[in-house]
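Structure incoming, see below.
We just call them A, B, C, D, E and F in the order they show up, numbering each chain from 1.
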Amino acid sequence: MRLGEMTWTEAREAIASRVTAVIPLGSIEEHGPHSPMGDYAIVDEIAARAAELTGDVMAPTIPYGYSEYFRNYPGTITLRESTLDAVLTDTVDCLLRHGFPRIAIMNGHAGNAGIVELVARRFSRTRGLVIPSIAPLGLMQAPQVVARVYGPNAELGHGGEPVGSLWMHLRPHRVRLERAGAWGRRKVFGCPTDGLGAITVEGMRVAVPLDMEDVAPPETGSLSDPGLGTPERGRAMLEYAVDSCARFLRWFRGIDPYLGTGGSLPEQAGRPRA
Amino acid sequence: MRLGEMTWTEAREAIASRVTAVIPLGSIEEHGPHSPMGDYAIVDEIAARAAELTGDVMAPTIPYGYSEYFRNYPGTITLRESTLDAVLTDTVDCLLRHGFPRIAIMNGHAGNAGIVELVARRFSRTRGLVIPSIAPLGLMQAPQVVARVYGPNAELGHGGEPVGSLWMHLRPHRVRLERAGAWGRRKVFGCPTDGLGAITVEGMRVAVPLDMEDVAPPETGSLSDPGLGTPERGRAMLEYAVDSCARFLRWFRGIDPYLGTGGSLPEQAGRPRA
Amino acid sequence: MRLGEMTWTEAREAIASRVTAVIPLGSIEEHGPHSPMGDYAIVDEIAARAAELTGDVMAPTIPYGYSEYFRNYPGTITLRESTLDAVLTDTVDCLLRHGFPRIAIMNGHAGNAGIVELVARRFSRTRGLVIPSIAPLGLMQAPQVVARVYGPNAELGHGGEPVGSLWMHLRPHRVRLERAGAWGRRKVFGCPTDGLGAITVEGMRVAVPLDMEDVAPPETGSLSDPGLGTPERGRAMLEYAVDSCARFLRWFRGIDPYLGTGGSLPEQAGRPRA
Amino acid sequence: MRLGEMTWTEAREAIASRVTAVIPLGSIEEHGPHSPMGDYAIVDEIAARAAELTGDVMAPTIPYGYSEYFRNYPGTITLRESTLDAVLTDTVDCLLRHGFPRIAIMNGHAGNAGIVELVARRFSRTRGLVIPSIAPLGLMQAPQVVARVYGPNAELGHGGEPVGSLWMHLRPHRVRLERAGAWGRRKVFGCPTDGLGAITVEGMRVAVPLDMEDVAPPETGSLSDPGLGTPERGRAMLEYAVDSCARFLRWFRGIDPYLGTGGSLPEQAGRPRA
Amino acid sequence: MRLGEMTWTEAREAIASRVTAVIPLGSIEEHGPHSPMGDYAIVDEIAARAAELTGDVMAPTIPYGYSEYFRNYPGTITLRESTLDAVLTDTVDCLLRHGFPRIAIMNGHAGNAGIVELVARRFSRTRGLVIPSIAPLGLMQAPQVVARVYGPNAELGHGGEPVGSLWMHLRPHRVRLERAGAWGRRKVFGCPTDGLGAITVEGMRVAVPLDMEDVAPPETGSLSDPGLGTPERGRAMLEYAVDSCARFLRWFRGIDPYLGTGGSLPEQAGRPRA
Amino acid sequence: MRLGEMTWTEAREAIASRVTAVIPLGSIEEHGPHSPMGDYAIVDEIAARAAELTGDVMAPTIPYGYSEYFRNYPGTITLRESTLDAVLTDTVDCLLRHGFPRIAIMNGHAGNAGIVELVARRFSRTRGLVIPSIAPLGLMQAPQVVARVYGPNAELGHGGEPVGSLWMHLRPHRVRLERAGAWGRRKVFGCPTDGLGAITVEGMRVAVPLDMEDVAPPETGSLSDPGLGTPERGRAMLEYAVDSCARFLRWFRGIDPYLGTGGSLPEQAGRPRA
């Protein structure tokens, strides 16, 4: 259930019933010339459906993420890393104050992962609490899922699939496939690029900070073929993600998040547990 | 139009057509035992409708605000002041980078106003840009509006009206009026309270930091009578707010936000303009 | 008594006798072309007299405040908000370390109020201590006081009264009434201004960061008529403020600042007190 | 002249006449059981008299300093180093904005010197401006001055002279010589102490953070004999300091603070000037 | 050449000859019960040899890194992320001030990579400068290298190889193979672990902050078999790394680090390069 | 012993045997045109030898220090004060976590002393732990040592002796005496300079931030005669320093660093110990 649609006394009851608080993280950034930018709406949908299935509580989706390398594309809004850290920290602090026994993050944007780890590690150190996070858009890009939904040899990537298909399913009238253009991966300094943070020089990985317009055709920002998108594929991907997240939430209910990892090792102990 | 539902090329076109970027600010906090906490949905609705009327672009609503004095009520999520400052600053920075010629804030939660002013003043100093903000829920509580919608002598206040009515209009099935309980304003140290930041001692205003449970019946958090709520009143209030915001946006189109206030006084000038 | 004129063993005795520590906050900023800028001297005088009457201890007056909107007027010194926060926090920390059982603030400059609230709220959260603050220059501008001292229909305001009269009483030779010039309130964007943070657009309040030279005649910085000033009025205002502050300090002696507000609600409790 | 007693138009005129802005720094801390704590009043007096002699402008004295090692003595108020840095930085920023052509610091408390250097170095780097500082209470403790005023072999030190004499001259009724007690310098770890930051171990200087109660008799905090104090000595010391500061201010008028040191070396130059 | 063994005039000459400044980053952390902790010495050796081959200048190796997840093992010293960021930023700032035309990082510890990226991205934004980084210990673990040096099917990993072999080559008398004990990878919550930041739950990757004692036998901290170590393998690995780094430095000399990536896109441009 | 050459189980044993952890601090900065810049290597050598003599553990030498006033000389790398503070704080935190019973600092660069004091004072306040620091290069410049090694009337100073001699002893082939040039001390504003932070104006000390090129011949950066350098003098100085540091470490073993200074005075006590 959405926390924002609950009254405070309903929230009190939910806490008493020991449900998990789910924090969805989104972003708003270029997804090719044909897809809407607000991918926060996708993770919002996935998290809401999963929480509905498991009876957990979902906090409002944070619509801005860390999208620094997309920032030159009009409409992309990126938080600084320290800002996203602070938003997430404050949110967790409040949920813990109210007594939620466990907290999970559903991260809809890969760029947020580093900050999520930082924040989770800090809560592990300071409270001995494990806050797990799951990335539904990452899960749906596992090879076997892609093969099942798109057939063999399909290549997905930013600015194309699977986000295009997801939008076709969720907001069909907002996708403008006729605007899609060139896609692919460019070289930098004459070397192949590897994600948004490295190039390959004579077979060696060399880390270099890249922007999206460096690695994709700058006039589109598309790494993969938007032509692969269909509403059916979007629906299949979405259902897979909802199902995965629900499975995760059910698993998490069986875990004691205050037990079982080094995070709960008392500060005063100077050596690893034998 | 919602920025999150636009592609980046559509955003580029909107910027070229010189529209205003609207940033709505919400919050999630107790609103009595009967009303949903997520008032961000109200300002989101108001801002979206107003921007639709005027053709401006609306950034995703920030769903968390500064709600410190409500923080003991389960479900309330409050950002630290520095966090909200950072989120708003980052958002404005991105919109300016992309070339939006003017930016306006629609603030759905009174507690955010101090931070909004800080941020606006900073952009005024550093860029000579005026970023105005308007508070639709404040506007609808002007005496003449209240008198028209509620009749004479009605008293509105947090944890009651007008938020209850607005929810009855927007999410009728989520309001649980049967849960409403005691309402009113309590004394602290035996003295009348004045908002959430002062008491009156022998006729003198004494500033004291208060929490909602100090000034309202703690078991409800309601300062005004929830029984005044009706969907019709909610609708009337909402329409008034939408209309006001649209009028504001139209007025703002006629203003040069880089001209006409002291904010644009060059730093090196040491004296006021004669 | 002034803490700065006590020896440390006298301070130890005063603490043992359970007096209040009073922290006066001032500022130095334009007050029209005719009045001295250092209004810290006014609150210093008021606080010292009040503390003398009640036997409380007064810390040295902090002579700089948050006067950002006056900053273009030569001689105005403004601290950043974070700076004033730090100064006040450090001062309170020291007084608490030494064992003062209660602390009160006398704030001589309206612009400081937001920071005072922030700091007070933080001490309320972290120590369960209520630090009240009172604004003597605000109290003396209550309508009934103004009517008694100035007669009916007098309008006071920055850059004119009552500060001019107070200086005529305290430092007659430092007031240069012959320099007073135009006074009044200007429009911005063709709209009436409302304080230093808003304009009224078609009846709606729109928050906008303003500077003093935007809202008053820039060549004077005077919002109200300096011609209303007389030493007698200054004396009456000062005596009213001293008497009010003494009453406040006596009242405060009867309060347990660690009891009675939500500030002392233990962090681990997740719900409001029933 | 005191800036706080000037109107803003007088300040504008003073700036136009190219005078120096003097910032006095004080502190409030234990000075033995017999002397008042507020030594800010001493530097305030010295700076005001010197500025009167030379026609320069004196900003309000900052009454709190960095007095960390005295902090256990009731009544001592110490700013964190970052706080004093911020106060001084903000003050200089404002004075420069208004056009003061040169700024000097009169530092009445040795503990502030490190922060003064940090701030001065920063302005040297960022604006190429030299902000000199002078320590009147240090100057008056030069051997030849001490010999002239106290006779041969006199030893001065914190919690005794010369501050006791200065107070006897400035506020005779506030000195309580009958409270003076033991004085001298203690050992720590069985080793002689060297100031408040070191001990001597087998002839070697070992830096160790000490508090005043470590190095002086804790029940007094006096390092030197309070019995040496007389009002005449206080007067002689004060006059020497005023005269020295005036000489310094006159010398400073002849210097171009933007020329002549490495501070003005442009950032882009990578090598020392040949 | 090592910068620390050059005089400042030699540094000036090296800059004039347009060499690259190399910054090596190390760490000190557990590497199993048998290997020394100071792996900074390994990257120091590699970087020095490579720079000697190419004629570039090597700054002193920073011996501490971000080793947070090893922190419970005695002797591990970890910098906070913000600390390492600051050290690296200051180092780059100084080298740029002196005129080095290009800067490269040799990162000897995988945990530092995230901070290196942050810092590099910041310099890309603020100066348009590309600072590449290369990880010699990563390069030597490429499958084909491992197969060549260790034979087929060898598995390397923290707390075992290749660091053990490298130490056997560099400091044979400091390796205590008799102390090596159990090695391998443990489960957390009954699930397989994936690096130090994730577990696999029902086939799904779930991010969780882990410590080394969670994923390896806590009494050793070894993930791979120390018994694979030989001095010959260490020598082969070291030579491979030196050769790779030298190739990288030669390649870098041919690149204009101020040209060719989005980092140099001027801030004022609001759209990607077409 | 060097911590970096120990395995983690050896570190655990060393901690159990209650040795001291020594943290050496170095710097890299101009030392005249003839001497290498990396003086971190000197303190590294001294600390390693001393720790070897006493059986204590030496952490890796931090090779960068606070050398701000040398920063215009190519090759000088200076950390900001806050950066060095953070590095030292993190290092101490880790050593304390692991259980080292006592920590000492060997500071090889005078410019670091202020930051060392700050950090030491903070640990004294927060943990009641005394962290002493010793400056081997300072100790060797005591008058009696200089007289013994250099003969009467020798004057040492930055950019000349004793660093030149130390390098001749440690890295003879890296000293290029033929590059030495003019040496001496310059005037600023026509006044004698006093260290790097003051000038003497008409007999008065005036604090002014200076750079090395202000006080020494800028084309050399040498304050004292490099011609005094010989390898024998370097050896004598080094041995003196090693012996002094060893004596200090032995003395420190007999001290309880948690007892005996005001640092351990509990926060809640408001008065000095009688």
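Definition applied: contacts are C-beta pairs under 8 Å (C-beta built on N, C-alpha and C of every residue); 3 or more make two chains touch, one makes a residue touch a chain.
Just so it is clear, the structure is predicted and the values come from calculations on it, not from any experiment.
Path length between subunit B and subunit C in the chain contact graph, taken as the least number of steps between touching chains: 1.
Within the contact network of the assembly, the step distance from subunit A to subunit E comes to 1. Ranked by how far their CA centres sit from the centre of subunit E, the chains are topped by C.
Averaging Cα coordinates per chain places subunit C and subunit D 29 Å apart. One inter-chain figure worth recording: subunit C and subunit F are separated by 49 Å, centre to centre, where each centre is the mean of the chain's CA atoms.
Multi-chain contact residues of subunit F, defined as those touching 2 or more other chains: 12, 15, 72-74, 97-99, 221, 270-271. Within the complex formed with subunit B, the residues of subunit C that make contact are 68-69, 72-74, 81, 107, 113-114, 116-118, 120-121, 124, 130, 132-135, 138-139, 142, 188-189, 197, 201-214, 218-219, 221, 244, 247-248, 251, 255, 260-263, 265, 269-274. Those residues of subunit B that touch subunit A in the complex are listed here as 2-12, 15, 28, 30-38, 40-41, 59-64, 71-80, 82-83, 86-87, 89-91, 94-95, 97-99, 171, 174, 176, 179, 221.
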